[in-house]
Structures are given as structure tokens and as C-alpha cells.
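Each of the two complexes below includes chain A, the first together with chain B, the second together with chain C.
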Partner chain A sequence: MRSALLLTALAAASVLLGCGRGEQKAVRAPCPSGEACLEMGVGAEPTSLDPHRSSGTWERQIISDMLVGLTDADAAGEPVPGMATHWTTSADALTWTFFLRDAKWSDGVPVTADDFVAGLRRIVKPELAAEYAALVYPIKNAAPINEGKLPPEQLGVRAIDRRTVEITLEHPAPYLPYLLLHHVAFPVPKHMVDKYGDDDWMKPGNYVANGPYKLVSWSLGDRVVVVKNPLYWEADKLCFTRIHYYPTEDRISGERQVLSGTLDTHTPLVQNRIAYLRREYPQYLRTHQSLSTQYLFFNNTLPMWKDRRVRLALSMAVDRDFMTTKVRGMGEPAAYSFVPPGMPNYTPLPPPEWASWPLEKRQAEARRLLSEAGYGPKKPLKFEFMMRGYDPTGTYAAVQADWKQIGVQAVLNTTETQIAYQNYQIRDYVFGEAGWVADFPDAMNFLYLLDSKTGAHNYGGYNNPAYDALLAQANLEPDVQKRAAILRQAEQLMLDDIPIIPLFTYVTSNVTSPKLSGMVENPGDTHRARYMCKAELKK
Partner chain B sequence: MTASTLIPGMRDGSKDMQAVAGRSLWDDARRRLFRNRLAVAGMAVLGLLVLAAAIGPFLVPFAFDEVTKTDVYLRPLQSGHLLGTDYIGRDMLARILVGLRVSLGVGITATIVSLVIGIAYGATAGFIGGRVDEGMMRIVDVLYALPFVFFVIVLMVAFGRNIFLIFLAIGAVEWLTMARIVRGQTISLKQAEFVEAARAAGMSGAGIVFRHIVPNLLGPVAVYVTLTIPQVILLESFLSFIGMGVQEPLTSLGTLISIGANNMELATWLLIWPALFMVVLLMSFNFIGDGLRDAIDPKDR
Partner chain C sequence: MLRFILRRLLVAIPTLFVIVTATFFLMRAAPGNPFDGERKLPPAIMKNIEARYGLDKPLIVQYGDYLADVVRGDFGPSLKYTGKSVNQIIAENFPTSLKIGLPALILATFLGILLGVIAALKHNRWPDYSAMAIAILGICIPTFVTAPLLVLIFAVKLSWLPIAGITQGLKSYILPVIVLSLPLIAVISRLVRAGMIETLNSNYVRTARAKGLPEHTVVIRHALKTALLPLVSYLGPACAAIITGSLVVEKIFGVPGLGKSFVLGALQRDYTVVMGVVILYAVLVIALNLIADVLYAVLDPRVKLT
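So, the complex of A and B:
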């Protein structure tokens, strides 16, 4: 799951321009009378509300309030029965059978096993080019279908009858219930997709939901509006009848709107403000250690990064402790490996030897490595660093200053978030930065990002057959301990290659009105609106 | 320009009529300008600011991009940081001076670009009139409709990211309003008797425009310039904010203020100092503009 933690502040900029040109700021429409509204700042404009064409945490929030998978998340993000009331697993752990509840889409058409089969076939079909398709590769034949080598009908998902779905896996995946609550595994209303096609079924008016809320409107740059779906099986338990999601790209403005009562909750925050919020508004601030890693990456397909010494020098010279303690100031653990601490069934790799050296020694070593690689004062290493939007914390300005100490000139290039991601995916950049939040609590969810078969999400284009082979081997290993050992071996192999520079593990951060209940902080930052309520609305 | 040139419109009232022959109207204007205390104060302050922007960064003991890791969010007057430090330990004074340099550079360059294009274009359209005027002004209308950000993106794609390009881009957009103002003034000026006299004396069109009309435009143009400079400085900070203007570690006053506004609860000095510099800068431009208008355009007095 992509994180919105370092997104741009475009909204503020437009307000700035607005002032300059004497325009009026749009007045926010109030909650219609008789409705109980939840006003939510999600941090960015959705690229799409199609569950198979989105990958941001801000899109997940909206989509998961409208669609429900076989399993669903509870208030703390743990899997609970969703559309399936219960399920069974075969003795070899490869075949899972899910039994659906009697439920309807918001247009009254029953939700059937075919909708789930259609959904999973849709995300892996090559024509859709879903960037998140690799997440469902544990399902039998998903990878070859996505690569166009097999027809979608060969996918290991079938409808036994109208209310029973059977999923066959490539290898045991005990995390399957977590994976199925992710929007990649959501069903699609087959009758609507057949009628309107892959692009138009998710437009307001066509979008039918099987979850607690249904789409009313989506105004670009303004908000997404959803209302209660009366056909949801627990519709009578919903507290809010209407939700407004705002693309609060200006995170400081989002935070101030919550403090002033205009919004009920907003995520994420600017990290260096947490100390201030903790002091002044402790009842509003909610944080949790997350399963995530913020990292920098090389475009490994470029010849200029072929020399490992250059990559090592850049990694060594970054002062992660200064970044986490002083610049960001919320005590995020510095990271030297990719899989974050706290991952179940996994022991994080020890940091490299140089991590404990004093900075001066690391800088001297980095300079030596660079000069060995042919760079020096006469021929400095100079490259463009593409950032996802404006960085108000100064994290990357600090990295840039660290590199200047070893004679490296990184030219920061602030690019609009969506454009930056597109450039990363087509490898049209030199050096980039990204964050990854676990979709399910398993080391594989991080390590698969650098698998050469992963495609779009392997932003750095890392390609190491030995690494791919180890991951494949781990997938086939039923023993948890042995599997962890193979994964650690793979991660060590990859880290020694330095295709990425891990920086730190971040902390989830929401600023939420103390009146809002039902929001439990959790490492995946998963918050379904159906559990939320306000004290004054309780019946 | 000398007093022998026929510009009756520039002539002041009775006291200048008794002035010693040979003193030019520009001398009069300068004298009036220097008699205006606010304008003189504005010029003095602006001079100081320009000097500070030009040589200041060399006098501050810290470089504007120098990160002092022990000095994050330092209050003013601590550890030798006169105005404190920012969120990654960079000296605020050094950053403000560099920001001032960038903002002044953008403001003045872009305004000169807009001035040159706007005056030449507007005066030509207004003076020739008729179909030519119609055509030229429709081009201006079309350019007005071009979204500014889109224009800048196109420029960036075509020529790459470059701070000089930002100056040019802003200037290339700001001249539109200037051209309209100049055209309107030119149309009313070309009916004036001194233009007729020049024409009767056999002067060429271009000669009339540049010797008679343009000098008489300077009043409204001077006022508009004082409005353009702050506008341009603001536009630049907008561009920097959406990532198309100056990039870290370089900065501008607008960028510093927007960062300061984000940090105002944590560190007021990040907002107050750059805002103070911006206010002083804009006020001095305004006073100079007012003074210039009073000095050059006697009708307003």
C-alpha cells in the first residue's frame, strides 16, 4: 500500500494563488438536515475509485467503505468475516472454500460467487494492467495470466454454486484472510461491468456497492460523497448516514480543519508537527507504530547506477538518526533493512557494520568509494532526485545536504504525486523516494516489491534472478521458521546489492476529533467508517 | 529629453514657467521625487535591501544551505544565528538574504520583461489603431485565456527546469495587462495637440510613439509596475510551492513565508522574519511608485 505520508501541498498553493488573484475560497456545503455526516480528510485526490486500479491509502479508505471482500477488517484492521460468513481450508492449505452470506448490491441484484470470480479475474487480466495485480499472485495461475501466458479462465478461483467460492493457491498463504480484505480482492458487480465496461461502471450513477455506503458524487478537487446503502446487511448499525471525503493535500490545513471542527478526522500529518500537537492537542493526536518503510531507490536500469560503490556511498552518507530524531522528531526507528520491525514470524536483519560508525567515518568512506568509482571534485556525481510532491518536513533537503558533504549534487525535483508515480512505474526518472505500508502482515509483502516479476511496483526495476528464485523457494516452504530463514537470506542478498536506501519506519498519524469513536489505531492504518460514530449521534 | 522638445502635457504650473531655461522636465520630475519624503525613504530602504541581497550572503558566517545538525529550530540570537535556524538547522538570516535575492531577481527581471513587451505592444496597437489594433488586442485576449500553470509546464517540458525560465515565464504573462493599460492611454494621448504638432512637423510614427507618447505613459505605467512587482513575487512563490519554481535548497521570500506559515505554532521566527522582509520590500516599492507617479504625472497633483 502506498503511503500518502509525503505528499504535496497543492491545495495550499491553490489557496495562495487564489489570494493573489482575489478569488473567494469555496464555501463548504453543510451536512443536509436529517443526515449524520462524517467529514473526513483523506490526504489526496483519488486516482480512481476502481478497486483494481487504485493503490493509495486514501483510495483504499473510500473504496473499502463501499465494497466488501470475502473477509473484512474490524475496527483494528484484523480480518473478520465479510461477504463470507465462514470458510474452510483443505489439509494441504492450498484450497480455501468461502461461504457467502445472502446479500445484495445496492441496486438490488444479489451478490453471487460469480462477482468474486469476475473481480479476481479482472485484476489479473493483462488488458487492465492493474499495477497491484502482483498482490494476488499467491492464487493459482495468477502470475502467468497477468503476463498473458494463460487465459483468465485458468485462474484458481471458481464458483461452486451461487453462494460458494473456492480459491486454489500456488503455495500455502496463511495470510490469505488479510489479502482478501484488501481492495485488490474485492468483487465487482458483474452485471454492471458487463453492461458499462471496465471504465464506466465505476462512475457515479453506475457504481453499485455491496458495502455500507454507496457513491453519490465525486467532484475533482472538491470531495467524494457517499451515503448509507440501505441494502447493506448491517445498515441499521451504521452511525453515519453520509460521508464526505476531502482530498486534503495540504496536510497542515487539514489538521487545522479538524482542530477547528470543520473535519472530524484527517490523515496524514506533517511529521515534524507531531511534537507540537502532542503538547497542545493530545486528545486529537492518534499515532501508532506502523508496518512500513520509507526508502529511496535508484533507477537500477540506468548505467550510471551500475557501480555498487556509488550506491553504497550514497546509502552510507545519509544520516538517518538526524532525520528521525531532529528533522522529523517523532522517534521513528531508523531503517537499514527493508522489512520493518514488528513483522510477525520474521526477525529483522541486523544493520550493516557501517551503521554504527560515527558520521565522519562514514563520510570519509563514502568519499573514498566515490573517488574509486571515478567521481571527485573535478567530476562530481550529479543527478536529479524526483520527489513525490512538496516535502514540508525538510527530510529530503537534509538528505541533499548530507550528500553535499561527500561532494554529491542531488538536484531535487518536486513533481506532482501522481506524475511522480507514473514516472517511477515507467522508469522515467533517475532517483526516487517512496513509502510502503504492509497490505498484510508478512515479510513477503515487502520483499515481493523487488521481485523482477512484480512490474510496476518494482519502481527501481531491480532484477536479480537469485533473489527471485529465493522468493519462489520461500513461497513453497510450508514450515514458518524455514520460510523466514529463506526470506531473510533473500533480503540480505538484496540489501547487499543496495538497489534501495531504507530510511526509517514511520508512525501512522491521524488528527481526529475526540468526539469521534470507533477509530482504533493499528499498524496498517485501516479505518473502516462503518465502525465510527460520534457521541451525540449514538442512539 | 530636453525642454526644447514639444511636450506641453509635461509642463507644470506657474513656478516651473519661471524656471531657468535649459532645465529639463526630467530634472523637475527628479526634484519633485526627492522632495517626497516617503519616496526617498522607500528608495533608501530598497537600496539597502538590494545591497543586502547582493553582498549580504557573503557576510553571514553560515551558508544558506549549510545544515548544522545540532541547531534545529534554534531561536534567534542563539549560537551565532542572528535570526534563528529552520527545521533542519539552516541559518535563517542566510536563507532570507538568498530568498530576497531570488525574489528581487524574479520581481525585477519579470517586470522589465513585461514592461518592454507591454509598452512596445500596447503603444503600437493604440497608435496605429483600426484593424491592426483589433487584431493585436485579440491576440492578447487569447493569451489571457491560456492557463498560466499550463504555460509554465509547457516551457519546462520544452526547455528544462531553470530558474531563469521562471523569470521569463512570469514576465511573458504579466505583459498582457501592461499592454492593455498602455494601449488605452495611447489612444487618448494620440488625440493630444502635441502629437498633432509632431505629425505636422513631419515626424515618423515610430518617432512619435517613442518620443512623445511613451514618456507621457510613464505615470500610469510606474503605478502599474509597483503593483506588478509584488504580484510577480507572489506568483513565483506559488510556482515554488507546486514544485515548478525554485527547488531546495534554493529559496525565495514567498517560499520562506509559506514554510513559516506551516511552522508558525512551532517556531514563530520562521514566519515573522521573512514576512517582515517581504512587507518592507513591498512597501518601499509602493512608496517609490507613488512618488514616481506624483513626480512624472503632474495632472494628479
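So, the complex of A and C:
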């Protein structure tokens, strides 16, 4: 009797669960008639819609659909003219002049050079306490102003006339057009900020936009609603007239909502779902190599890591390809250098010779190096490996197993993420792991991390005066090609020292309805809604 | 009765004070701070942020400032959600938690009592066993299992209900309410069953039966009232917990409730948010316990409130 019941239940369940997949009659949020709605899962609740008080990619998505900087991103995330139609650079690469288009805020007030000056002065003024202020430190005097040592008026940005902005830099920064499409460099509607103050101008009702969409409402945990800004200079080209952004914090739920047609796109994904989605829903899964590096690092201030042979042995023994394809199942590209491939104005360094050896040969060499350094079966190398949070993909367990093969005993220590970072910063650990994602696409954004002057952020405490000197030299070089050559020289010098063990390059991932067009995958995962459309909406 | 209520309300003030104080210092004793992250902020920026939130003052001064604000009903700005104040977060999210919590509570109470009474009346027979089996399953299977299962069946496969979000009106609330009520049904039915079995064996029920009253009058008019007493004391605090939201239900169904403020607030060291929701929760527990005590006196003539 009981088994019969069970069988019936199982049969019923398999009928329910086994039926067709793909989009069925989608349950979508109501869309006002006459409007074209884009339903977007952004993965988290915005902490703020103030361009100068937010730092997450999900906030960037919403804010960049409402505000436009001097430059803007094209569908593939590359800089194109934004509010500035064109710009010129001085011979020393320190002074940039931007010429603004004739445009209006969504309340009809013209956008002027003063709005940009106000925006950049705002993010560096100490009272705003902007977390991301350091991103604009390449602008002259930004750092001392942010530290309260100079008044904001001393910032290297000025309005030459109503439609011309001049930016003066501390040092040449060929990546400035990229930096300016980041929301830290966005203008603010000076007339509204003056009227409502720094805290209230960004509330729905007060928020005015110079971009394609304007804010309607933001209900915490539910959604942010924006509608087309008819005063945007290319308003007639917009396909969607209304966007709903959902804080799809449950990533699997977000994924399902796209697969069922409730949402048009959702990011990010649970990393270990990628293999499944690639197999079952290839037309929905979109990935791209990102500008990021996942790496392991030694606490280089400890005597136990003084011997380069030990560091080399540990790096050699990690089977990166097996880790990314078999353990993680996502097949991220293995990394042997710190600056990831795809960096503008940079050629990635070639992998070391041993990277092409078969694993057995690498293990044998690693064992030889360790025994030369005085380790062996009688005196194995033992240390504690501090991880940020738990390791759902088994990545570090794989590293641990690789090392076991060469007689190294690493104890994995799971530490709450924030606490792990703190310990890294005060060097209270033996061995650690971290990932770095580019703030802006430039090799310097990676290489500065290992500069001894970087301080707490240089988790491994790497200190090589020759490396520091090369970075300082590159920072002053106006010629882009020469600068890249110096940076490559610096990176090679650092990699030869092995203060870190690069593992792989992360991939960006999202699930997107195949019907949604205009979303081009790119390393920065930058997707402006203004380019998106659906075939059924095209006029 | 009135004196009892007044006295309890007066005692609530020092109770709340102790809770606020303990939470404040415990929260600050936790390692890390709300602005720790992958990117350590430059000292100058950190200083600016601390000055903005008054975190650079001595702890005891911060505590004094906080108490003064709380007395005025101002829970301060959220340290993580810089665009919102704690009052705003509670005002926006608490109604949604109520919208899910109250129906779940009503559904659970109704079904729980029904199952419990049936089980007690058919004591040690198959209705009892099946009701209690359901109850055990309800307690044992966590919501993070039932929620995705129900989503898979009713939203993904059958497309009857939305997968997540609250944009579909009433339909959006069905699954969250069911998931939230399942474990509650289980607990309530077991409580009612135990109370009912005990009451049905008591002398006054035997008297009622001896008088020849019909069975439904005995059960509903006489026995049920007493059998529900343990339920009343359970429902007070349970109600506070249910209406302040559940992280699991909110996350899986994308519901903007208050439950995640507790957990995420603590994990992100968002001091003000944690303090705000703890105070709200404490007030609710105190109030609902008081109501439970008063109800006790109403239901059971043996209880005197003095």
C-alpha cells in the first residue's frame, strides 16, 4: 500500500517536473498600455542612486541609464562621445578639453560645464564622504582636497565657458575616457543640488536626469522604475519607454524568471550554474572574459616565504586548467600573469615556460625545488591558507589537493569575508586568496596593488624598489606605447619574484532572453539600456 | 486588569533600555565595520565617512547620541543604504512583511487548530497519525526546501503563479504565505492536539458529556477554549517573529520585507539598521506577550491578573 502510494506520488511529480522547458505563458509585471517595458534583474538593492555615493555594478546600471558623463559607453562598453561631442588633449597629456553638446536636464534646464565642475568637486569634498572618491585622484589636487588639505575650488577642473570643460591631471592617464564614463565622474544637476542639498536631490521627485531615462520611483526591495526622458537628445531612438529594475538577490530565482519570460535579463549568476545553463539553455547564457584576476598570495613579510624556490614550487604545482574546467566547471581561462588579457593599451605577458609542461613534469620539478629548499617527507611544508568566506566551488580544495601531490600540507581556514580582508590588510595571515576586478581598464589599476606605497591594499606586502620605480616612471610617461612598455617590464619583474600565484580570469555572466537585442557582452559587463530592444518592438 | 496592563507597560521601559544597550555594545564589539570590504578605503576617505556618521566620537558619546535619537523616534541613517534612513526602511518594508505575515498567521492558526482537533478526537487512529505526520514534515522540512519546490511546481512548470516579486498583485503573495505558514501549521497542530487530548480527559468535559451534550458542543464550547491556552502563549512571540519577516522567504520570493534587514544588517555591520529592527522586534514581543497574558485571563477563569 505504502509503496503504491509512493509510486503514484513519484509518477505525478515526474509528470509535473518533466514537462516542457523554455518560455511558456510568461507572467510579467503589468506594463502600462502604449509603453514598452524592459524587465531587468540587477542582482541587488541599490544602496543609493546618487552617482557619487554608490559603488556597485547594479547601481551603475540604473544610474548610467539616467545620467550621462562627458563620455558614454557604446553597446560594447567602449567610450564614445557622451555629453561631450569631442575633446582635445595637450602635448604633455595633462590637460584635456571637452566640448559639450547642447542638451537639457529632464526639467528643461540646460546642462552646462558648471554641472560637471560641480559634480567632480562634489565627489572629492570631504563632507560627502564618497567611498569611491579615490577613482578620480588622477585629477589634479583631487587627493589633497579629499583629505581636507585644499579647498574644492583648487580641483583641476574648470568651466572655460558654458559648453567647455577643462580637466587637468596629476599625471598622464590614457584611460581618462574610460574613467569619465564611470558614474563617479558624472555631472549633477547643480540647480537641484543647490536647492535640495546633497542628501535630498536624488529622491524620486527631485531627481532630474540628463540621460535617456528619468526616475519615477524606488521602493526598497521591490523595484526601481524609470521612464523615457523626452528631453534626452536621442530620445526618439529609444526602444524601451519604461524600465523596471529588480533587486533579484536570489540568483537562481532571477535566472528562472528570465527562463520563464518574466524578466528579460538578469545578472549575476551562481557561478556553479554556468555549466548547467551552458548545456541546457545555451541561447540564454551570455558570458565574457572580464578584466579581473583571481590569485593567491604569500604574506611576503614572513621569513618562511623568503625562498623563491618554495614560492615557485607552489605556483607550478597548481593545475589551473583542471581547476577551472573540471572543479569549477566554468572553464575560465587560466592565468599566469596579473594583468588580465583584453586590457586596452597593453599586451599581456606570455605564460612562463613551465606552464606548457605536462603536470607530472611540473610536479617533479616542484618536488625538486622544495627538497632543495629543505622540505621533504620528513619535514613537510605546512601552513594555514586563509580564505574569504566559504568555498562553494571547491576551488581552494583543488589547490590543496594539488599541493598534497608534492607533499605540501595546507590547512584551509574559512574566515568571514570582511575579517579575512582585515587580516590581509594588517598582514595577520600566512597565505591568502583574493580577486581583483578593474575599476577602469588600465594595467596600472592592477599593477599598483603590488606597489609598496599602496600600503594595506598590497595584501602580500610585496616590496621591490625597482618595481616601484618603474611604476612611478610609467605614471609620468605621456606616450601611451612607451608607458605600456614600462608597465610590461614592471609586471615581468614582479612575476619573476612570484609574490602572487595568478589562477584564472573571471567571466562575467548573465541570463538574457534571446529576444533581447542590443546587449553586447564585454569585459566590463557594461550594458546601457538605451541600446536594447526586442524584435517585436522595432518600428 | 488595568493596573496589570499599566504595570507591564512601565516594566517594558527598562526592558527596552537593557535590550537597546546590550545590542548597541554587542554590535560594536563585533569585529569589522560597515565600510570594510575588498577595497580598503584610503584613510582620508574613511575619516570623512566616520565623521559623517559620528563614528569618530568615543563609543559612550555615540551611545548617548543614539539613545537621544531613539527617544525622539529617529533611528538614524542606514550606514549601507545611504539613500535611505532606518525609519524609511522600516516604513517601506514592514507593511509588506505584515501583508505576508498576517495571512500566514491566520491560515496557520486555522489549519493548525483544525488538524490538531481532528488528531485529538481520533487519537491514535489514522487521522491522528496522518495529521501528525504532516506536522512532523512541516517542522522538519526547512522553508528553503519547500519554497524552491513550490516555485518549481506552481511557477516554473505550471506557470500559475509568479516566480518572484510582488508585481502581480494578490497572486504574488500566495506562495510566500503558504511557505511561511507551513512550519507554523505544524507547531500549532501539535500544540492543539496535546492540549485537546488533555482537556478531553478532564473532569469538566466528562461532566459535560454526562449531561448528554452533543459532541460538537462539548468540543467547541467547552474543550476547545481550554485546549487553546498553550497556543495563546506560543502565538505571542511567534506572531512577532512572523510579522517581522523571514529572510529565506524574502530572498527566494524577492519580497521586500523586513526579515533580511535583521540578517544582512548584522552581516554588513549596518549598526543603525540592526538597532532599529531589534527595537521594533522587542516592542512587538513585549506588546504581543502582554496581549497573550490578557487573553489568557479571558480564556481561563482560573487565571487572575493582578
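The working rule: the second predicted complex is superposed on the first by the 314 of 539 C-alpha atoms of A that agree within 3 Å, B and C clash if a C-alpha of one lies under 4 Å from a C-alpha of the other, contacts with A are read in each partner's own complex, and residues count from 1 in each chain.
Going forward, contacts are C-beta pairs under 8 Å (C-beta built on N, C-alpha and C of every residue); 3 or more make two chains touch, one makes a residue touch a chain.
On a predicted model such as this, the values are computed, not experimentally measured, just so you know.
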After the superposition on A, what does A:V411 contact: first (chain B), second (chain C), both or neither? first
Is A:G148 contacted by the first partner chain B, the second partner chain C, both or neither? second
Between chain B and chain C, whom does A:L302 touch in the aligned arrangement: first, second, both, or neither? neither
According to the stated criteria, A:I252 is in contact with first (chain B), second (chain C), both, or neither; which is it? both
Going by the contact rule set out at the top, does A:E280 touch chain B (first), chain C (second), both, or neither? first
Counting residues of chain A in contact, which comes out ahead: chain B or chain C? C
For A:V270, select first, second, both or neither according to whether it touches chain B, chain C, the two together, or no partner. first
Let me test your reading of the model: by the given contact rule, A:D319 touches which partner, first (chain B), second (chain C), both or neither? first
Contact-wise, after the overlay, does A:G389 reach chain B, chain C, both or neither (first, second, both, neither)? first
With the two complexes superposed on chain A, say which partner A:A129 touches: chain B (first), chain C (second), both, or neither. second
Using the superposition described at the top, list the residues of chain A that contact chain B and also contact chain C. 16-17, 19, 252, 416
Could you list, by residue number, the parts of chain C that touch chain A in their complex? 31-32, 35-42, 44-45, 47-49, 51-52, 80-84, 88-89, 92-93, 96, 148, 151-153, 155-159, 161-168, 171, 250-257, 260, 269
So, in the complex, the side of chain B touching chain A is made of residues 65-67, 69, 72, 86-89, 161, 231, 234-235, 237-238, 241-244, 247-249, 258-259, 262-263, 265-266
Taking the touch rule as given, give the residues of chain A at its contact with chain B in the complex, in rising order. 8-10, 12-13, 16-17, 19-20, 252, 270, 272-273, 275-276, 280, 319, 322, 326-327, 387, 389-394, 396-398, 400-402, 404, 411-416
Would you pull the chain A residues touching chain C in the complex into a rising list? 16-17, 19, 24-27, 29-30, 45-50, 53-54, 126-131, 133-134, 143, 146-148, 202-203, 218-223, 244, 246-250, 252-254, 256-257, 259-260, 262, 416, 418-419, 421-422, 425, 434-435, 456-457
